[in-house]
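Scrolling down, you'll hit the structures one after another.
Shared between the two complexes below is subunit A, which has subunit B as its partner in the first and subunit C in the second.
Let's look at the complex of A and B:
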């Protein structure tokens, strides 16, 4: 019987898949564990609430946390309405044809642009041409351009997943198209849109290249007063701590602490989105 | 041909999905406060015709028509006609029940809210009245805040009927409303149609010959996009004028 070799290859495939899956898991666990173990001893009230001193070699990272917080918030404020509007247009209004195909190609292309190129684009358009200067405004607009494709694609998929029968049912009652979208399509698409936003937020909080030329300050131990101010940001600060200090080795604990906070900030933004998502999932299930 | 008895009239209606013609020169009068059944084999155009009566086909890209449809003597495709108002007056129940994934109350209140009713007490009144009419009130009155998706198939369809009634329509279009239901739920829907008869002009598309015979006053037989014959249900079933009609209702084809 040929059962045995087939059985063998079956087991081989099974275990290699299993091994690969666990390997991925291990990498994630190792990174998190390393950052937590290295960063936890540094975490203190002083580290979280003090301004950095000596280029960040001493003191805390409070302005850096605030900077990243503002950046992510402004980025989402720009990208979410724009992305949702684009997705609504593509899914609900546009006649599918050459124009929508071209728009979709443009979106995919935008998603594929290297972040440093986007940074240069932001420098040219927002910082110099529009005269925003290096500022939270310019930086978050640049980041918004970066995460827009993710949000549009996820939102459009979420809208398309809403059954056509919900739209028909609403229209048949005499609702206008916009009333139908607003009351009987969008609310059901929120969970999917949130998933796109979660991915976008993670990237916006963690990217260095787009903010390098548009907003991030090397050392600015004061809090930003308006969207036209520069600010510090966690990923760029981490880069400075790891490469630009006179004694990089000595700043090791600060690097770990900053990395831990960066991960925590991203996770907390994600958590907020997940809470919103599960609220809407529970409220509208089909 | 304008006739006071007729609530809805079609005059030489041709309908196209892109290059495909789905309806050919359909002219028919649908009598006020009567139940008219559309019968015919799949793809004969009866659902397409039904969906022109509240302009639901408008939402499909690339459709067009020639000819006229009059509701209360007014051309519904005329540029002065208001499609929103038309759809409020001409309600629709779909083949596959489509409750919205929210509370039972919110489902029925959806239409009135859209049309500007904000008063909570008034909404409660409308919801109760509509649910009573669709025979669902006793079953759901204690769980109006539950999600409508938790109802059984037959209950969902009666909820959709209540939702349609809540905006106080004059006409009720039903596209095979019982085709996805078990016999008991089907019987309830048929009873409901009998109860609503007289109050509303009802048009029902059905594949079920017995159902057409049981619930309707008038029957129209469609075949390959053409209206073959229309008349009192008894006459159509006992003594059809056209041989095609007879072949269909005796089960020789379709």
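Let's look at the complex of A and C:
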């Protein structure tokens, strides 16, 4: 319904609300533009493929990119199967009752735990108690705990969006429950599940506090060889470059370059999620 | 599985913080001086850290709520469908910017700005931190408030229109009050994110553990303390256990905020 503002004072209020809203848009654009403008001149083949020199003030960020890649990969390996299995259970198998209510409360609680507290937890459980030490294994498990709620909630929503009649049709033809889920429910829910998971993974790639306590090393001479090694990671690298170097000003280009790569990685995850969502929204309509 | 993880989180944080409570007592939390590394007298007063967190959170709320709520109203009630299509990705983008990048942006752009506007010696203070945190809370506030506003039944608005109220009068006198509980819940969830945020505040608030209510002073938050000092403490020392106790306090604060917000959301069937 469109109704035009009636008098001057209404028009003023209307306009100021518009201004406030668009101020946020401007800030978002400004932040991204600032990082892109600062980072682009630094971005080169050498920057992406060289190791850092002079504790990061010169050189490149290749080991940092590799470290982030390993971390994200391991996190996905832990979180995705667990999250999807959890969602399938919650939406298809579980009967609504006290147990599911408790599970839901647990998921919301987990989602609300500050990342630094999860980092402490990872330190206490994985690094010290289970004896993994500061390692990719400990870090990615901590990150997996962090993104699990996102994956479960998004996947469950996607599963619930599949019409009940799809299931009934399959069950009526004599398929078992699992066959029904596998052939008639999952294929339609997968785009939605993927969207949610990708958003979660993007978050994991950009998160600093948990890896600060569980894996990250600022400088390593070699690339990580196994999951029990420490590794470097983009967000942590940026943090160190921006705050811990003796001559922070001189390392500005490196900081901008790292920030740009990090933002590009995270936002491309987001973009992928958006594209998948709109593509499949057009493809499946019922 | 997630129940198990949550239980483990509580268990392990508790386990690692109990030794501190045993040796120093819970009253140590309210001691004023945080001086964990010292030769003669180590002190673990967390009051300065708690007030630091509170101050930054409060300021961030003051900044984020008007922006977040007004934008949510605008997007839900006034924006054209095309505008809405633009806004969703923009909000997702803002939510997606890693906090360490925001912290970096704060360091090179916001801090100098704050410094020159208020004629300060340093831009690394509570206000700069609050501005960045507000940016992080805004996506949460917008998304959930918008849902709450959309959930207000169309008939309420129609009744208002038919009484001759204008669109703006309807929004402020009917729609927003009807959606208020959802908006409050949105703000609380945003707050939960702000209290627990670490990297950005660690980079820009200056990290001085003093009790102050002056936004232009440098402060240190609970989260920043944990992240900054954990790397250097000897395993098993009092300091180590004290940091875990801070984690427990943080956990309890965010847990309480989230639980109340979820209650409200559930009661009004939003989200």
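The rule we apply is simple: the second predicted complex is superposed on the first by the 245 of 286 C-alpha atoms of A that agree within 3 Å, B and C clash if a C-alpha of one lies under 4 Å from a C-alpha of the other, contacts with A are read in each partner's own complex, and residues count from 1 in each chain.
Convention: a residue touches a chain if its C-beta (ideal position, glycine included) is under 8 Å from a C-beta of that chain, and two chains touch if they have at least 3 such contacts.
All values derive from a computational prediction rather than experimental measurement.
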Key: subunit A as common anchor, with subunit B and subunit C clashing or fitting   = fit
Key: Contacts of A:259 with subunit B and subunit C, given as first, second, both or neither   = second
Message = In the overlaid three-chain picture, which partner chain does A:131 touch, first (subunit B) or second (subunit C), both, or neither?
response = neither
Ask   = Now for A:23: first (subunit B), second (subunit C), both, or neither, which partner does it touch?
value = second
Task = State whether subunit B or subunit C is in contact with more residues of subunit A in the superposed arrangement.
result = C
Inquiry  = Quick check on the superposed pair: does A:114 touch subunit B, subunit C, both, or neither? Answer first, second, both or neither.
reply    = second
Query = Just subunit B (first), just subunit C (second), both, or neither: which does A:174 touch?
reply = first
Note = Rounded to the nearest 10 degrees, the Cα-centre angle subunit B-subunit A-subunit C in the superposed arrangement comes to 110
Request  = Check the residue A:165 against both partner chains and state whether it touches subunit B (first), subunit C (second), both, or neither.
outcome  = first
Note = Rounded to whole Å, the nearest C-alpha atoms of subunit B and subunit C in the superposition sit apart by 24
Remark   = Dual-contact residues of subunit A, meaning touching subunit B and subunit C, are none
Query = Which residues of subunit A touch subunit C in the complex?
reply = 3, 5-6, 10, 13-14, 17-18, 20-21, 23-25, 27-28, 31-32, 34-35, 38, 82, 86, 102-103, 106-121, 123-125, 128-129, 145, 148-149, 152, 199, 202-203, 205-209, 212-213, 235-236, 238-239, 242-243, 252, 255, 259, 262-263, 266-267, 269-270, 274
Inquiry  = Applying the document's contact rule, which stretches of subunit B touch subunit A when the two form their complex?
reply    = 54, 56, 59, 61, 84-88, 91-92, 94, 96, 98-102, 110-111, 114-115, 147, 149, 160, 163-164, 167
Message = Using the touch definition from the top, list the residues of subunit C that touch subunit A in their complex.
response = 1-3, 5-6, 8-9, 12-13, 15-16, 66-67, 70-71, 73-75, 78-79, 87, 89-90, 92-94, 96-105, 107-109, 135, 138, 161, 166-168, 189, 192, 195-199, 203, 223, 226-227, 230-231, 235, 243-244, 247, 250-251, 254-255, 257-259, 262
Remark   = Within their complex, subunit A touches subunit B through residues 95-96, 163, 165-176, 179, 183-184, 188, 283-286
